[in-house]
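Presented sequentially are two complexes of subunit A, the first with subunit B as partner and the second with subunit C.
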Partner chain A sequence: MTEPLVRPKRKNPLKKTRVPLLPQGVRSRTALGLTEAAAEGRFRLQVCSDCAAVIYPPRDACPRCLSARLPFRDVDNRGTLLAETTIRTSTDVYFRERMPWRIGTVQLDAGPSIVAHLHGDLREGERTRLALKLDKSGQAIAMALPMEDTPNMADDPQWRELTCDPKFRRVLITDGRTAVGQALAEACSAAGASVVFVGVADPWKPFPGEERLRKLERVEIVALDLTDTISVNECAGEYAPRVDILINTAEHVRTGGIIERKGLTVAREELEIRYFGLTRLAQAFGPVLRARGADGVNSAAAFVNLLSVYALANWPAYGAFSATEAACLSAAQSLRAELRPGGVKVLNVFFGPLETEWYQAVPPPKVAPSALANATVRALQQGLEDLFVGDIAEDIRARLAVSPKALERELGS
Partner chain B sequence: MSRNTDMASPDLAAFAGAIASGAIDVVDLTHTLTPEFPTIVMPPELGQCAPFRMEEVSRYDERGGAWYWNNISMGEHTGTHFDAPVHWISGKDLPRNSVDTIPPGDFIAPAVVIDISKQSAENPDYELTVADVSAWEKQHGRIPARSWVLLRTDWSKRAGREYVNMHEDGQHTPGPGPEVVRFLVEERDVHGLGTETIGTDAGQAFHFNPPYPAHYYMHGKGRYGLQCLTNLDLLPPTGSVILAAPLKIRRGSGSPLRVLALVPRE
Partner chain C sequence: MRAPRQPYDGIVVTAPVTVPYRRYSTNTAHWWVGRAVREVVKKAGLESADIDGLSLSSFTVGPDTAIGLTQHLGLSPRWLDHVPLGGASGVVALRRAARAVQCGDAEFVVCVAGDTNQVDSFRRMLSTFSRFAQDAVYPYGSGGPNSGFALITRNYMKHYGATREDFGKICVAQRDNALKFPHALMKRKLTLDDYLGARAISDPIHLFDCVMPCAGAEAFLVCREDVARSQGLKSARLLSTIERHNAFPEDPIQYRGGWALDIDEFYAMAGVTADDVDFVQTYDDYPVICMMQMEDLGFCAKGEGPAFVRSHTLTADGSFPHNVSGGQLSVGQAGAAGGFLGLVEAVRQLTGETLGASVPDAKIGVVSGFGMITYDRGLASGAALLARGTA
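Coming up: the complex of A and B.
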């Protein structure tokens, strides 16, 4: 049984902070298919289109029939742990400071055998579920889990290395004025975060839900205005070394396309709050997050972007808004590469219209703020990098994968 | 010709000397421009006045070796600011109604200070009345033509939520009622109205008739507004002179500015 994680002590100020190191992160282009699956928490392997063989490791030709048609497909993740080994020493600097480390060979029911990292509650000969996870280098590895969930399972050190679990971590929610921000504060607090800092801009302006937010357990309100560089820098100056997970909940949802808007006032507000807000957060908090990626149990773990799924394809009814979201998505991709040296994940959460006042005229299905918050926390607990929440987000994504042009026409009609 | 020898000309050297010696006090009626200072709030679906923002361009660093400077941005009606007649629909067709065309002499004018701070402390929706002005005139004499009327409410001593005083039915801050604004403009030919609150009008003035009477009548007659003033409690009821020159923005409806009061030391 996994030893429950102990709340980390306050940091010894005389101790040097460990520099984040990364496991080997080079993969072939084909093998990045595993990374794509891991990013979303799927279990996918190559399946030969001609002879149906399930293939591992990733290859460019089927070892059975030499076919080059080897798409990644969802496959059964169950198998048996054939053999296990505990590594006690290594020349690899990343693994060296994490010894001992258990690995083993899993025979998948679907066919191939895979060398995987082992959860502490799994023993040789037992049945197992295999998961593809992103390691600190951002690449996919396989982790073998016990068949059934076990007590304190998420506290296993090898598992926690792959996840961004809010438990005992310190979270910053950047905008507590929104329903989503408040739902996330609640969800993170419930998930065991040791403190949830919640940013509030324009404290002179009352907002709905304020009293409830202030009463939430372990929630602390901090002054933070994402449209104001000075405010973001001051907040980071005070709190950045104590922020392990940053969740940007800033939103600015307005209807209308590019020419429907008269002038740039609203577009500027949109960009100030969303794109420049993200940039300010990245510049102020990013360097500290990146430096603290291996800082013990409550190491810096994730930067979370909440993005409209229309960042992927413009919805002209909310056209200018979609364009801003697209800018944020692009920035998030850059941020992902920039934070990777610290082993800090960037989680992009995509969703369609929300059950909030700014989508009042949009018919259901819409995503409730609490549903979005709970899905986001689950994604952190799983260590995901891309998350699609709700039917609209899933639908847009599926249609985009089939035909971007068809989707463009459909959204614009 | 030396200025000092021409006795017919005003003695500006003596004036400068009086400022230097402290015989004339210079009182700063301006709030510091900061990002946190509240701006007027419109319903969220409408355009908003941009708050003050400052981006560092360089600070003796790799972005510019030996110098420190910032790029700043804000709305015309941010912080302590000046309202030109063109700001309001009633003043839109007047000549010389924008900050770049207002006669420069209008940027220097005497002021009277009417104190309604006690009434405002008791009632945040206090409306200045003609009776208040009449009572003031009994004590201090008739308001001279082309004087700024500065409304002392001590509102500038409040901060944050107390200052804006925003509730579910809007802002609650003191200001003039419609009748007294007409009286000041038509019967007293005042230069403009200056207040400590975010607008020259009361917080609830949207519900007055006409809405926002201080804006409507003052600007309709080509008169000016000053808002978010501070230190009005340091001014005498009469005898001060106000220097209030907005930025020269082409077709500008107003601008943040430094407002100074010249006060003869007693």
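Coming up: the complex of A and C.
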């Protein structure tokens, strides 16, 4: 059984912060199909379109029929752990400081044998379910889990290397005035975060939900105005070394396309809050996050962007807004590469219209702020990199995969 | 029906050369290969210009391959081969060279394997060993071949009841053999207690189950028997060979190798049986692989490896002489030269040119090769039957 994590003590400031090291992140182009699946928490392997063979490791020709048609498909993740070993010495600097490390050979019911990381509660000979996960290098690995959940399962050290679990971590939510920000504060607190800092611009100005927010356990309101570089820098100066997960909840939702906006006032405001706000956060908090990626139980783990799914394909009814969200998505992709050396994940959460006042005229389905918050916390616990919340987001994603041009016309009609 | 394979009549192996190993070397693979080729030429009483065939095996000669070595060494061969098969290199190089000589494509083929070992070169090789290693092995704890073979060993122990004592017996016997072999890097006696008490590397693999990477080179010459005789060279006749790659891909975890597919033909071609064999040189990257070869090469049935090991001394002077110069486990693993070590020693045993322990009245030897664990199993396998020459 997994030993429960112990809440980390306050860090001795004289002690050296462990430099983040990464496992080898080089993969063949084909193997990146596993990374794509892992980013969303799916279990997908190549399946031959001609002979249905399930294939691993990733290949460019089917070992049964030589077909080149080998798309990644969802497959049954169950199997049996045939043999295990505990590695006690490694030539790799990342694994060296994490020894001992268990791996094993899992024979999948679907066919192939997979060498996988092992969860501590799994034993040789047992049935297992495999998960594809992103390791600290951002690339996919397979991990074998016990068939049924076990107590404190998420506290397993090999598992926790792959996740961004808020438990015993310190979270910063950048805008507590929004319904989503408040829901996230509650969800992170419930998930066992040590403290949840909630940023509020001009905290002396009252706002709806404030009372409830202030009463939440382990929640601390801090002054943070994302449109003000000095405010962001001051907040970072005070709190950055104590922020392990940053969740940017800033939002600015207004209707209208590019022509209708008349002038740049609203567009500038939107960019100030969203794009430049993200930039300010990244510049103020990013370097510390990246340096603290291997800092023990409460190492820096994730930078979370809440993005409208219309960042992926413009919805002209909210055309200018969509453009700003697209800018934020592009920035998040850069941020992902920039934070990777620290082993810090960038989680992008995509969602459609929310159940909030700014989407008042939009018909359902809409996403409740609490649903968005809970899904985001689950994604952190699972170590995902891309999350689609709600029917609209899933639908846009599916249609985009089929035909971006068709989607463009449909959204614009 | 498949056409019968032609025998290797009149083909011999001669001029066995070992360039003494070093744990680390500041020299390049080219240097090691060059020294080995020079020794072969000298030993055979030839000039460089006489060498019209070259076969090279090396992991660390990059960016060069065999062709670059022709210019580097000043050779103008009319037959050239590059055998990047690790532990199977020796057997495979031999069987290809034998056919070249037999068919007249070349008269003197030097088969050489050499690698350098610089500080940290082993680590760098591990992560880039194969695409599957890069995608599906190295990111899993980076234990190198130790962890891959640990899984194979663990599975074998569970299924066939092999114990660490059984593997220890193989290692201890090889060390006894090695203590008489001047080029072995391991100079101290190994006891079963030492073996059992050694630190764990990747359970159930412990320190003395592992070979020590080092620098070194091995080489031999393949030519016609009459040519060898006219040069006044003692030689070993080639009776039979087999080679097989990626055998039994459906086995979920490796417990047998390609030998098992071709073993009947192996002995039939030579006209001998396993009982006629005086000594066996298995590929010993890990003792479980030795045991697997004892089974798959027909010395005992599958699963009887542990009992077979318990019933023999495995020493050069005892019953079932095995890895009589000490094998890689005690001599060291000089990269691809590890795939030549058993073969070169077998030739010395059969030509009476031993440097260390001698198998009494050795007439027939089996040499086996195994290599290239690119994902979860060794892919390449091969074996050769050699007999004492008549000269």
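The working rule: the second predicted complex is superposed on the first by the 412 of 413 C-alpha atoms of A that agree within 3 Å, B and C clash if a C-alpha of one lies under 4 Å from a C-alpha of the other, contacts with A are read in each partner's own complex, and residues count from 1 in each chain.
The rule is short, and it goes like this: contacts are C-beta pairs under 8 Å (C-beta built on N, C-alpha and C of every residue); 3 or more make two chains touch, one makes a residue touch a chain.
The shown structure was predicted, so the numbers you read here are calculated from the model rather than taken from an experiment.
Q: Overlaying on subunit A: subunit B and subunit C, fit or clash?
A: Fit - subunit B and subunit C, as placed by superposing on subunit A, sit side by side.
Q: By the touch definition at the top of the document, which applies to A:Leu82: first (subunit B), second (subunit C), both, or neither?
A: second
Q: Check whether A:Thr227 is in contact with subunit B, with subunit C, with both or with neither, and answer first, second, both or neither.
A: Once the two structures are laid over each other on A, A:Thr227 reaches subunit B alone.
Q: Return the chain, subunit B or subunit C, that is in touch with more residues of subunit A.
A: Counting residues of subunit A touched by each partner, the higher count goes to C.
Q: For A:Thr265 in the superposed arrangement: first (subunit B), second (subunit C), both or neither?
A: The answer is first: A:Thr265 touches subunit B but not subunit C.
Q: Given the touch rule stated above, what does A:Gln107 touch, subunit B (first), subunit C (second), both, or neither?
A: Once the two structures are laid over each other on A, A:Gln107 reaches subunit C alone.
Q: Once chain A of both complexes is superposed, is A:Pro206 in touch with subunit B (first), subunit C (second), both, or neither?
A: Touch partner of A:Pro206: subunit B, not subunit C.
Q: Between subunit B (first) and subunit C (second), which, if any, makes contact with A:Tyr359: first, second, both or neither?
A: neither
Q: Once you lay one complex on the other using chain A, what is the shortest C-alpha distance from subunit B to subunit C, in Å?
A: Minimum over all C-alpha pairs: 38 Å.
Q: Let me check the overlay on chain A: which residues of subunit A are in contact with subunit B and also with subunit C?
A: Shared contact residues on subunit A (touching subunit B in one complex, subunit C in the other): none at all.
Q: Could you please specify the touching residues of subunit A with respect to subunit C in the complex?
A: Its residues touching subunit C are 23-28, 31, 56-58, 63, 82-92, 94-95, 101-105, 107, 113-117, 124, 135, 137, 139, 141.
Q: Please output the residues of subunit B touching subunit A within their complex, sorted ascending.
A: Listed in rising order, the residues are 35-36, 38, 41, 45, 47-48, 50-51, 53-56, 160-161, 163-164, 166-167.
Q: If you look only at subunit A, which of its residues touch subunit B in the complex?
A: Residues of subunit A touching subunit B: 202-206, 225, 227-231, 254, 263, 265-266, 268-269.
Q: Okay, in this complex, where on subunit C does subunit A touch?
A: Where subunit C meets subunit A, its residues are 122-123, 126-127, 131-132, 134-144, 146-148, 150-152, 154-155, 158, 199-205, 249, 252-253, 375-376.
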